[in-house]
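Multiple structures follow.
Look for chain A in each of the two complexes below; its partner is chain B in the first and chain C in the second.
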Partner chain A sequence: MSAEFVFATAQYESGDWDSAPLLPANIIDTIARYTEIPVAPTGVIVPLSDARLFRYPLVYLTGHLPVRFSDAERTNVRAFVDRGGLLFVDDHNHDIDGTFHKTATEEIARTVAPLTELPNDHPLYSAFFKFDGPPTTSHELNGWGDNLVHKHLLAVQRRGRISVLYSNKDYSSEWNYHPDNKRFLSVDNTRFAVNLVVYALTA
Partner chain B sequence: MSALDRLRRVRAVLIVGVVLRAVLWGTFVAISIIATVAIADAITPIGLTLRILLRAIAIVGGLAVGFTFLWRDRRVRELDRVALWIEERVPSLAFALVTAVEMSDSTFVVGVRSSDWTTLAWRRGFSRLAAPLAALLAASVVLLALPSGAVARAGRPRPGDSLARTSGTGANRIEPLVAEVRPPVYSGQRRQEIDEPRDVRALVGSVITLRGRGDANGVVATTSADTIRAASDADRWQITLRVSARPVAIRLTDGRHVRIVAVEPIVDAPPQVALTRPVHDTVLRTPSGRLPLAAEATDDYGIASASFEYIVSSGEGETFTFKSGVLGAVRASGKQLQLAATLSLDSLHLKPGDIVHLRAVAHDANDVGGPGLGVSDTRAIRIARAGEYDSVAVDAAAPPDAQQDVISERMLIMLAEALEKQRPRLAHDSVLHESQAIAADQKKLRRAIGDVVFTRLGGVPTGEEHTDDSPERAKTMQDMLARADSATNRSVDPVDFEGGESPVVAVNKPLLEAYNAMWDASTALELGEPDTALPHMRRALAAIQQARQAERLYLRGAPASVVIDIDKVRLKGKDKGASSARRPEMPIDSAASLRAVRLDRAIEVARTNSSAAADSLLLLRIDALADAPTFASALADAAAAVRRGDGAAATNALARARRVLVGSPVARDSLSRWGIIP
Partner chain C sequence: MRSPRSRLEIALRICAFGVIGWMFGQSLRPNAGVRVEHARAAQVSAQLPAWTRQSSNVALHVDLDAAPDAWIVDWLAALRHSGHAMTWSGSPPALALAADAVAGPFGSVHVAVAGPDGAMIHLRDDAGPLDSVRVSTMGATVTTPGVSGDLVAIAGAQRARIHSPDSVQTRAVVVIGDAGWEGKFVAAALEERGWPVIAHFAVAPSVAVSQGVLLPLDTSRVAAVIAVDTAVQAVASSLEAYVRSGGGLVIAGPAGSSPALATLRAGTSSARFTPTALPGDTIALGATGFYPVASLVPGSIPLERRGPKGDIAVAARRVGAGRVIQIGYDDSWRWRMTGGASAEAAHRVWWSRVVASVAYAPGPAPRADEGTAPVANLVARLGPARAARSVPFASRTVDQKILMTIALLLLLGEWASRRLRGLR
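Our next item is the complex of A and B:
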């Protein structure tokens, strides 16, 4: 495993895994901006069925289409979380009645365990920046998707540690912009990603 | 009635006597053996198997004795023997009766009274029955005097009859012990009783009832989650618990007496579902027609229902819509199911770009922790967009299974380099052996290259060469190309290397160069000359790389590549905060390490207290059942061996457990298969 943190995007067979192509660069920029964590300047794309998955402590998965793992992907993901990896799944549809949500939650339950609500005082929300819960996104505030503001993230926890983190908040849309455009924001909306990375590396 | 008729009546009376006597003696022998077994069992408990055997011996012994008596008196059926028997007892007949029998003429004994003969026969019969009747009576008295439980254990031995034993009563109420296992109704399995249970395997949801003799007061079962006090049932106690999904060690205590019963749950696995049609993902040019669907489902206890599910996703970018449905739903019973249905693509009103995701699902009949859901892999049927080429959509197929054992050229080069490096230290035979092994892999890879060329030209994948010894094999690049082209009839002049303009040449030239180089390399490797082979192998690798570079396709288009200048973002030299202190994760094998320590302790305890060591091994087994079944199996054998004092078997089982836990030592007497491990 490399000494520096590498942001990994999961590639899976059933859906549009590359629906947020600018997000990795944006998160890498954020990590570099706020922390001294050694970080690779580019992210990687790692197939879920590939043993390279085990090189990365945090793997990001998103998409709009149905999530149906193949046997090889399911076996690998199970081994990945067994070994302490954190899989961050974000619904790019921000819709709890959507197909991504239904199929992804079913697949996570089948592969790892059923998702439960993550309390808003979980250490994830204070791993670096202090949050009172998952930060809202412009997409849910604008009433897109399911027209809901989700108060909690969902998670599978093992021995008090998050193995799978699931979001309906559409961070994939919220964070999918070129990092140079951060200068137009009064408050950096990607700061929660720092908590994710720090939590994945330290918890 | 003639004399002969009267004689036949006497014979019938004698036969009845003989049969009754045989039956009485046989019954006496059988009852005697059972009574003896019952008495012995009351003194020292006899195992179930031996009791079943002894009961069989009692039955066979009784029959043998009875048949012996019948065989000895078999002559009673012969009329002349009966006549002689009467002549012995009535001398006044002066052989007239025997003569009458021989001549079949009753007139020889006219005037003789026959009633005396019948009386003689009855008297004889009763006198011969007295002894067996007395013996049988005595045996029956003994049998009746014994406790009914003891007689039942000897006469009708069955699993779970330990509680009927008369011996062993005392302060220890958890000895003897019987476990009754009642599986859940949906499984269709039968109730089971186990004597002296130590390791019970039962389906999740089963009800286990532990029973013992005596009052319930003070008998307690403790598990990691609960403490259960025994309930009274007549002169016995019983404890009932339900089998959960986790292995449990039940600690039964009665005062100072303790025993452990391990309960290993059998988890009802969800159905296994395979979608057999459609076989692959595919792209359709037009969204019409009917798509046949087929699936197979199997389950360990029974399938309750099954169906096909589909999701249609439409749209692109950020805008997607979905619709879903169910097809061919069936209620089922049995462990296997063939599912079939037809999907009408017209009814889905598909548009270009739409994707139909298909899968089969099956539920089992588990009404305890289920129902278990089994799903097949998903197949995607995509409707091509206008202007989209089919070839782009289908080229990304995974390599066929047959090629997965082929080692890459890069790895072969590493092997050859490692062999060349170690060559001065190895004997010639070793070098030759290893070199030929690499040559074999090189040949496999060369064949794969040949198949790729043929497949791309539309020919049969194995058309290039079936065996190395084939006289028609391709020996040169031109030969290979000519054979490939003749198989497909693609071009007029396939071997057009001069101008390099033939499309066949243009597409396949790098691969054909690789093919030729591999041929030279494998020839050198066959001779044990890796140094000669290496330049050819490197040439082959370069050609393969060239082919890959030339034909790389980006099905989704090249993704945007944004490289972050970390130093620039960090305004190098400025302190922008630090991450939290990192705590090391527990080692991956921490559980194995802990188990190794526990195993060592159990072995240490075995030196002084084998029973405690067996219990420790049993508890360790319960802990390991969920994630290390092989280790748990070895521990079960070890615990059993330790308990029965079999040191050799225990050592073997413990060694097996340790090998599973920490791995076997590795010994190498030649170059590693991979050649790069020092």
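Our next item is the complex of A and C:
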């Protein structure tokens, strides 16, 4: 077991948990590019119902389809956040009327606690790069989903720390590309992922 | 025919020699004639006024199954100093009690009791029972969340009492390291236990995430520094002075190999020991490995050993006025996250105790009064236990002085009378 950061993607029994297969490698590249945080070169996929979930205190969960945790998943997720883990959930539909959003938020409320808006001056937005709030994605206004620019992320906080971070921004689409293609961007759109990882590792 | 004055002189001389002879005879007599008054422990307090009115020719003896209250011992000691032969017998259990405020946010009190091996000691305060411990190898320790009023230890009929220590002011704990799970969860655990935490995590060259103001390191605001890894180099210039002035330092895992801590560490940090762990194993502290502390510097003491070769996992030392504890563990967060049902709470408590063990916490010196070790106080004031007759009767010395004075006055009167009428 090494002390390096391992990017973990949650696998759950319902839905399409693997809808952003290129995202982990891209985020790992971003972490290595901007920080000295030792990071594992490849991510892992961890079933929410498996005890291995607790080895990865930051877990990313996404999908398009309805989310309904099994009892084992629910028990594990509850214990995971109780112990200090951070679950980052991103709505791949970026649609507040979509099935993922409705079911995922309901499931989070049932398993952990109801989500509330995260203030845009939260330390998450200044953990590494400075943001005035959640960075807008090109996919929010692409004609799919609700065509809204979501001004806030949602979160469940415990003891002053984020336990569950929920996004309607569709970072899963925004960051789901091969890392080499960053060179075509004038501004790296994955920088917010650095904030997310640094916040998880330091707050 | 002798004159009346001559007869008086002869009488004075006879009386003087009579007194001297009586004194000589008294000195040859055994002590059997000394009157000894006895009292049992329960009767002593009621007996004291009567004993105080007694002639000092009466010896006093007390049978004790427990050391009496301090005021009774004081009274008995006063009687002894007033000329009474004072003895006591019995074998009250030797009990001693000490209490120190634990540095930390909860106002806990660390209680140490000494007593006969195997004795059951009950602890209580003014509010009621606190705990009970069985003494092993002459002592036992308990950490209790708080004490109301006086703390009392009870072993059979013996009681020891101490005033509860004043709580200490809680200062901040600095957690310094690279951004990672260990530092994050150490800081979280301490915050959850109520410690004010100043966190400083290096993220990139010249970039660090800080919570609170790191410098200056000063005992007026920082109780302890936790070096999670070699990133402690960032405060190397002021760390040694801070520790020598009384600050606490926790060196965790790989931080033991940091050059910045070369003069402060308890020993060198060896190559990481990694035991074989099966996927289904329950993770506990150190179950995934640790950095053994080797080559202890003089004055360091090993506190915990583990592994097949008994490697040192925890060691401690003093540096100047400060305390340093070196912990080989580098991934206690795994214990918290993947351990058993109570691992999260145990992780919190463990880290809080580690910090409290070195934290700078000035406070009033513990008051050790006569109630904290009643049997020791009894022996100090009245001497060791012994039978009543084995003691020399101290008051006899006073009587002999009086008698000697009388004899001298008689002889002086006889001599003066003779000289005044012209005889030699």
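The working rule: the second predicted complex is superposed on the first by the 198 of 203 C-alpha atoms of A that agree within 3 Å, B and C clash if a C-alpha of one lies under 4 Å from a C-alpha of the other, contacts with A are read in each partner's own complex, and residues count from 1 in each chain.
Everything below uses one rule, namely that a residue touches a chain if its C-beta (ideal position, glycine included) is under 8 Å from a C-beta of that chain, and two chains touch if they have at least 3 such contacts.
It should be emphasised that the depicted structure is a prediction, and the values quoted were computed from it without experimental measurement.
A.B. asks: Should the superposition on chain A be reported as showing a clash between chain B and chain C, or a fit?
C.D. replies: When both complexes are placed onto chain A, chain B and chain C end up clashing with one another.
A.B. asks: After superposition on the shared chain, which partner residues are touched by A:Tyr34: those of chain B (first), chain C (second), both, or neither?
C.D. replies: In the superposed model, A:Tyr34 contacts both chain B and chain C.
A.B. asks: Who does A:His178 touch here: chain B (first), chain C (second), both, or neither?
C.D. replies: first
A.B. asks: In the overlay, answer first, second, both or neither for which of chain B and chain C A:Ala51 touches.
C.D. replies: second
A.B. asks: Touching A:Asp18 in the superposition: chain B (first), chain C (second), both, neither?
C.D. replies: It touches chain B, and chain C stays clear.
A.B. asks: For A:Thr202, using the defined touch cut-off, is the partner it touches chain B, chain C, both, or neither? Pick first, second, both or neither.
C.D. replies: both
A.B. asks: Touch check for A:Arg191: first (chain B), second (chain C), both, or neither?
C.D. replies: Neither partner.
A.B. asks: State whether chain B or chain C is in contact with more residues of chain A in the superposed arrangement.
C.D. replies: B
A.B. asks: For A:Arg68, decide between first (touching chain B), second (touching chain C), both and neither.
C.D. replies: After superposition on chain A, A:Arg68 lies in contact with chain B alone.
A.B. asks: First (chain B), second (chain C), both or neither: which does A:Ala3 touch?
C.D. replies: In the superposition, A:Ala3 touches chain C alone.
A.B. asks: Check the residue A:Arg78 against both partner chains and state whether it touches chain B (first), chain C (second), both, or neither.
C.D. replies: A:Arg78: touches no partner chain.
A.B. asks: Where along chain B is the clash with chain C: 242-250, 584-592, 620-628 or 638-646?
C.D. replies: Looking at 242-250, 584-592, 620-628 or 638-646, the stretch of chain B that collides with chain C is 584-592.
A.B. asks: Determine where on chain A the residues touched by chain B overlap those touched by chain C, and list them.
C.D. replies: Comparing the two interfaces on chain A, one with chain B and one with chain C, the shared residues are 34-37, 83-84, 127-128, 198, 201-202.
A.B. asks: Mind listing the chain C positions that touch chain A in their complex?
C.D. replies: Contacts found on chain C: 178-185, 188, 191-192, 199, 201-205, 207, 209, 211, 274, 277, 288-289, 330-331, 333-334, 336-338, 343-344.
A.B. asks: Along chain B, where are the residues that touch chain A in the complex?
C.D. replies: Touch residues, chain B against chain A: 311, 313, 315, 318, 320, 322, 324, 355, 357, 359, 373, 375, 377-378, 380, 556, 559-566, 569-570, 576-583, 585, 588.
A.B. asks: Note which residues of chain A are touching chain B in the complex, please.
C.D. replies: Interface residues on chain A, with respect to chain B: 14, 18, 21-22, 24-25, 28-29, 32-37, 39, 41-42, 45, 64-66, 68, 70-71, 83-84, 92-93, 98-99, 103, 110, 127-128, 173, 178-179, 198, 201-202.
A.B. asks: Enumerate the contact residues on chain A facing chain C in the complex.
C.D. replies: 1, 3, 5, 34-38, 51, 54-55, 57, 82-85, 127-128, 159-161, 198, 200-203
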